[in-house]
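Have a look at this one.
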Amino acid sequence: MSAPIEVPRWVDLALVPALAVVAAFLVAGLVVLAIGENPLSATLILLRGALGSGEGLGFTLYYATNFIFTGLAVAVAFHAGLFNIGGEGQATLGGLGAALVCLRLDFLPAWALVPLGALSAAAFGAAWAFIPAWLQARRGSHIVITTIMFNMLASALLVYLLVNVMGKPGSMSVETRVFAPAAHVPFVHELAAQFGVPIPASPLNLSFVLALAMAALMWVVLWRTRLGYAIRTVGASPTAAAYAGISNTRVIVVAMLISGGLAGLVAVNEIMGVQERLLLEFTSGAGFIGIAVALMGRSHPFGIVLASILFGVLYQGGTELAFDMPSITRDMVVTISGLVILFAGALDGLFRRPLAAAFAGRGKGA
Amino acid sequence: MDVFGFGIAIFDSGVRLAVPLLFACLAGLWSERSGVVDIGLEGKLLVAAFAAAAASHRFDSAWVGLAAGIAASIAFALVHGFAVISQRGNQIVSGVAINMLAAGLTALVGNAWYGQGGRTPPLEGAMRYQPLTLPGAEQAAAVPVVGRLYAYVVSGHSVLVYVAIAAVVATSFVLARTRFGLRLRAVGENPAAVDTAGISVTGLRYAAVVIAGVLCGMGGAYLSLDQAAAFLPLMTAGKGFIALAALIFAKWRAWPAFWTCLLFGLLDAVAIRLQGVVVPGVGQVPVQAIQALPYALTVILLAGFIGRAIPPRASGTPYVKER
Amino acid sequence: QEVKPAIVYDLGGKFDKSFNEGVYNGAEQFKKATGIEYRDFEIQNDAQREQALRRFARDGFSPIVAVGFSQASAVEKVAKEFPNAKFTIIDMVVDAPNVQSVVFKEHEGSFLVGLLAAKASKTGKVGFVGGMDIPLIRKFACGYVQGVKFANPSAEVFQNMTGTTGAAWNDPVKGAELAKAQIDRGADVIYHAAGGTGIGVLRATADAGKLGIGVDSNQNGLHPGKVLTSMLKRVDTATVATFTQAKDNKWKAGVSVLGLAEGGVGWALDDNNKALITADMKAAADKAAADIISGAIKVHDYMSDQKCPG
Amino acid sequence: MSAGGEGAGSPEPAPSLELVGIDKRFGEVHANKAVDLVVRRGSIHGIVGENGAGKSTLMSIVYGFYEADAGEIRVNGRPVRIRAPREAIAAGIGMVHQHFMLVEPLSVLDNVMLGAEGGALLRAGARKARAELERLSTEYGLAIDPDAIVGDLPVGLQQRVELLKALVRGADILVLDEPTAVLTPEEADHLFRLLRVLASEGKTVILITHKLREIMAVTSRVSVMRRGEMVATLDTADTSPGQLAELMVGRRVLLRVEKGPARLGALRLQVQNLTVVDAKGTPRVRDVSFGVHAGEIVGVAGISGNGQSELLEALAGMRPIAGGRITLGSTEIGPELRDPHVLRRRGLLHVPEDRLRMGLVPPFEACESAILGFHEEERYRAGPLLSRDAVIEDTREKMESYDVRPPAPLLRTSKFSGGNQQKLVLAREIERSPKVLLVGQPTRGVDIGAIEFIHRRLVALRDAGVAILLVSVELDEIMGLADRVVVMCGGRVTGERLTSETDERELGLLMAGVSEQAA
């Protein structure tokens, strides 16, 4: 990806991003000043809003859940040398998959319905990624175009289905009926309550655990299995893969299926966990944030989890900010996110290079 | 309206829809031919559209608007350049960041200035580009086919449309026939070769990125000063990404880029007119199906006819001598 | 005790040139009139609906206006959690002891502007541009078509939808293209129900010397003399009403359906367009309005059976 | 004695190039340590040294591609600051890089013009450049089609383009970094004749090479580098290959492998009328037939780009074949078996020509590269997972037995030196006691020390009864190792000889396509 600068792992995964985020906030602070608010108190509100309360934390992690899924999705494809911009569409289809199961099979008990729903979500996401993957592998159709197009197709499909087929008859809202309770992925606060631990309500649900599990699983798959080895080989050197007798076609398709499946899991959080019904645009851009998350996380599951939580903080903290400083609109939050991505994702060299020099005495010579 | 006239109308609107794509697509072409991947086209279009609208409204001149749009777009292009050329940052991440920054800042500033959620007031009179009637268009309109083509398709667009086409000619000429073009083509394929030939890789890439800025600037200005005659937040509606697709579709070459964008524009124009058609047997085709048509067709064409598109070899990777 | 009103807008945001903006205008009027401050919030994603409502309720705000049909389930939940907070939802019915639902008979208003369109049209061809193909918009279209046919049974109505993503409500360029396409096919009056996209529609009709019809709030002023009229959906008055009721402790839960009779919908006539509205057009519109109120004319509501006659 | 000689007697003019205390580090790698060098005008000056000794770095500094951390460069006695190639070119220095600096999708003309276009528009410049190429091709016999796409040219011609670039810019100090690595003996001789002409015209030539034979043949003086230091500069006349080798490596090395006669076993690999066409549909291998027995080394000689690579890849199952049959042991390799993976299981192993593009995965840890192609094997498994411990352990053993330096299984592959990378590949393939071993360019860019080691291994393998097919562009390597040699030209076999009954001259002719159908 970028210049080979050697720094200790922890510096790469923690210190550099931290510095970058600080820098981003400094710049964002200027914008806040320009609007005539106090950057410091703004930052405090943002942080307190995101991490200061049980509810805030809940929201932060709830957002992070989506980003972990989409981030992992992008990363897996990336390791295979593919740039999957299709997370948005794949997640949308995941929603469809989840909804179909939750609506059609709602006679099933929760222990069966929820896993089935999740599987179906993943399956649909994967299916939506399959066609671009196959076209890339067999026909060489550039996956960036096809996945962009498939995002559009997915939204068209969803609108059609919700308006003409699956929607609640006689209702204005473009959404399905609410699922049966059995389809609900339990909220963390509900569970906690069962164990007599009262914690404030938030959309944070078990999908977060699923997301973490997926991150761990992806790490194992990528660095501890033959499949992962094959994927990384194809990504790093298609010629070496050919020499080794690893089929590029197979790997491309498999990697994209995994990628699409992960993206599809967003639905488990949004549709089965929080909304309990299928509705338009429920992905609200998670697919694109996933790109930034994956690259900021150096396509490493651990980095991705960190980056996801960072964005969770920005989203939730930003919401609180918009509440407490009415003059700061939701656009401010978008701006800050942009700055963070810029500094932590693209201008990280500003911090990594000096650090690298400090640590290894390398980094000269070019 | 007769079939021919109908065809002309479609073509006319196809051209209008193609122009912003074309600007963005050429911008991407310059940038990526120099080895700098640019998925920030969308963002640059957006800031340009905003700056153009705002300036033109403030100074009551579309030309001032255009200048402002270009300036804003260049500014963002330079941010991208600094990040990926000087700092060797990740080009895709930088692009994503540019897009978000643009989305946020335009709305933020716009709201601060006009208090309408980032919208600018509608642009009137000198604030916007009016369609030009080329000499003799009226008379020509009487002449069948050729005359009408000239009158309705060739004539009757705003300056920027013709600029866009000029840009295609210029791009293909400069790339193919000039020193700068040769060096640019080379640096996108093998920067080390350019470096050892005694040419500054950094300089070339910055130049390319700035050109991309200029082109996006005009594209954005066309959106807000001509097509919509106002700025609305997120009004680019994904054009930057479609342009990216077009670029790959065109395999990073100028004239193919022109045809691809025109094709995309036409597909859109046709789809618009197909809404509500009744297919015998099937009955009325769902709107969504028709809205999806251009995208589906793009995929089919790509898979069917275009085949493998190999980007400039060095694109996406920063230039480092360290191995 | 003082009222602490609050508003949670729909995804479109408070400046969507549509009902969100209507609510905002209403709140501003109320503020001017009474000097009572209010708070509002623009959500960014679906999860924030509940969050915002809950947040306002917890901070003791009331009444809390939730704008848009998408808020229904959120309002339902939060209203249960805060029984003594007052909620008002717009464009949707939520059945709860502390929720007031305000819905509008857009079809009636659309019928009238349809009628006017048909009368103003020289070509006998008129157009409709919607944002997204969703029930609400079909309801607008359906009423419009009925109005057109009522005035001129042989009239032709072109219908276009803008897109399938959120961008559909914010794409003036596409809006203009759609309008131009309809104009190419002969339409000379075009009605839009597409939020920000409509700006492009009105722009295109104005540029082509045709007539546009605004929606929700009075858009006649956007291109004076070039906008035939606007279908008014008095979300603003509804908002003022809720706030005032709450202020005078007259706020009541339940459903209020605002149609022509209640002055909840109507069509705009002002200096900008009075030159365009001939005496007999006005007469016809007023007569139709009276008949609709009296029930002599039944305007079919798309929502009643998801179908549209003709 | 060679042309360079005449500089020797005559009164010293200012040296055309003088380096004083040049020092350069790449991070922890100290590539050049206070290097001094004096190069006489009009001489051909050789620089030898092991891989990684710092030769390329030193010359890259002279050429301004890298900037020295310390030291001074003098051209014709005058100190010059050379911070960028631009300044080197201005100072009249031209360089033919070890790793070509060419833009493959562009034409020869474009590559030559790049940086010397002469005007904002290409037209005028192009005409001049054409004329110039015309002149050079007649004057020095450097014929080339100006409109050919460089990427499509064989390496030999690509190097010619590099040379032409330097000449067109009117360089009078010409640096060639390992130019002959990609040339046939004929081409090499042709190049040397050219260099002598240039020298006689007063140009100064600096020649970097591993091949002592060439040093002795063309240079008038020679400098030896070791581990970044300049250890000696001698008149070629007063030295010997043995001495130079010793100076380079710092110990005695035997320059040729000694091996007993081959004890042939059963026919292990048989190729009949094999034809291979590339993606563009042009035939690369035409109707080739030969066989390899257990216990013999069959060499495939040929100018690079004459189908050897395609042959090798086809045999390894990496390329579809258009015609003919391949028989491994007793089983014919049908399409279903034509997969590197399957063939490996059947004992056909492959040391690829290009270690960085095929043999290894540069960004991987060494241990991961060390299982490339074998990651499915039982021994690396732990249930469904790859057993990392097994992989690391296995790699460590290989590194020890093959003296890979540094013996660090977790170091990134790209961090190893070429020679050590090559040893890693050999270890991986050889250790699996193959029945048939395909070997491509085993010692390309590898230093004498490593070459010696690798050659010994191959001979030992042969004596252990492995059937070895050795593809190499180094004729001495073929002559030294192979028992039999198949010569290819233009995809055809132009002759087959016993190495004991032929010589470089004959093979050279066959390689050039002058085939007397004897075999």
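Labels for the chains are A, B, C and D, by order of writing; each one numbers its residues from 1.
Here, a residue touches a chain if its C-beta (ideal position, glycine included) is under 8 Å from a C-beta of that chain, and two chains touch if they have at least 3 such contacts.
None of these values were measured; they are calculated from a predicted model.
Graph distance from subunit C to subunit D, where chains that touch are one step apart, equals 2. Mean C-alpha position of subunit A lies 36 Å from that of subunit C.
Averaging Cα coordinates per chain places subunit A and subunit B 29 Å apart. The centroid of the Cα atoms in subunit A and the matching centroid in subunit D are 47 Å apart. Under the contact definition stated at the top, the residues of subunit C that touch 2 or more other chains are 13, 133, 164. Residue positions 26-27, 66, 414 of subunit D are each in touch with at least two other chains.
Chain contacts: subunit A has residues 4, 152, 156, 159-160, 329, 333, 363, 365 touching two or more partner chains.
Applying the touch definition to every pair of chains gives A-B, A-C, A-D, B-C, B-D. Subunit C makes touch with subunit A in their complex at residues 11, 13, 39-48, 50-52, 55, 69-70, 72-73, 91-92, 132-136, 164-166, 303-304, 306.
The part of subunit D that touches subunit B in the complex is made up of residues 26-27, 63, 65-66, 84-89, 95, 97, 101-106, 110-111, 113-117, 119-123, 125, 165, 414. Put simply, subunit B touches subunit D in their complex at residues 177-183, 185-186, 189-190, 192-200, 313, 321-323. On the subunit B side of its complex with subunit A, the touching residues are 79, 82-84, 87-94, 96-105, 107-108, 111-112, 118, 233, 238, 241-242, 244-245, 248-249, 286, 288-289, 291-292, 295-296, 298-299, 302-303, 306-309, 318, 320-323.
By the touch rule above, subunit A contacts subunit C in their complex via residues 59, 62-63, 152, 155-156, 158-160, 163, 167, 169-175, 178, 203, 270, 274-275, 277, 279, 281-282, 284-285, 315, 318-319, 322-323, 326, 329-330, 333.
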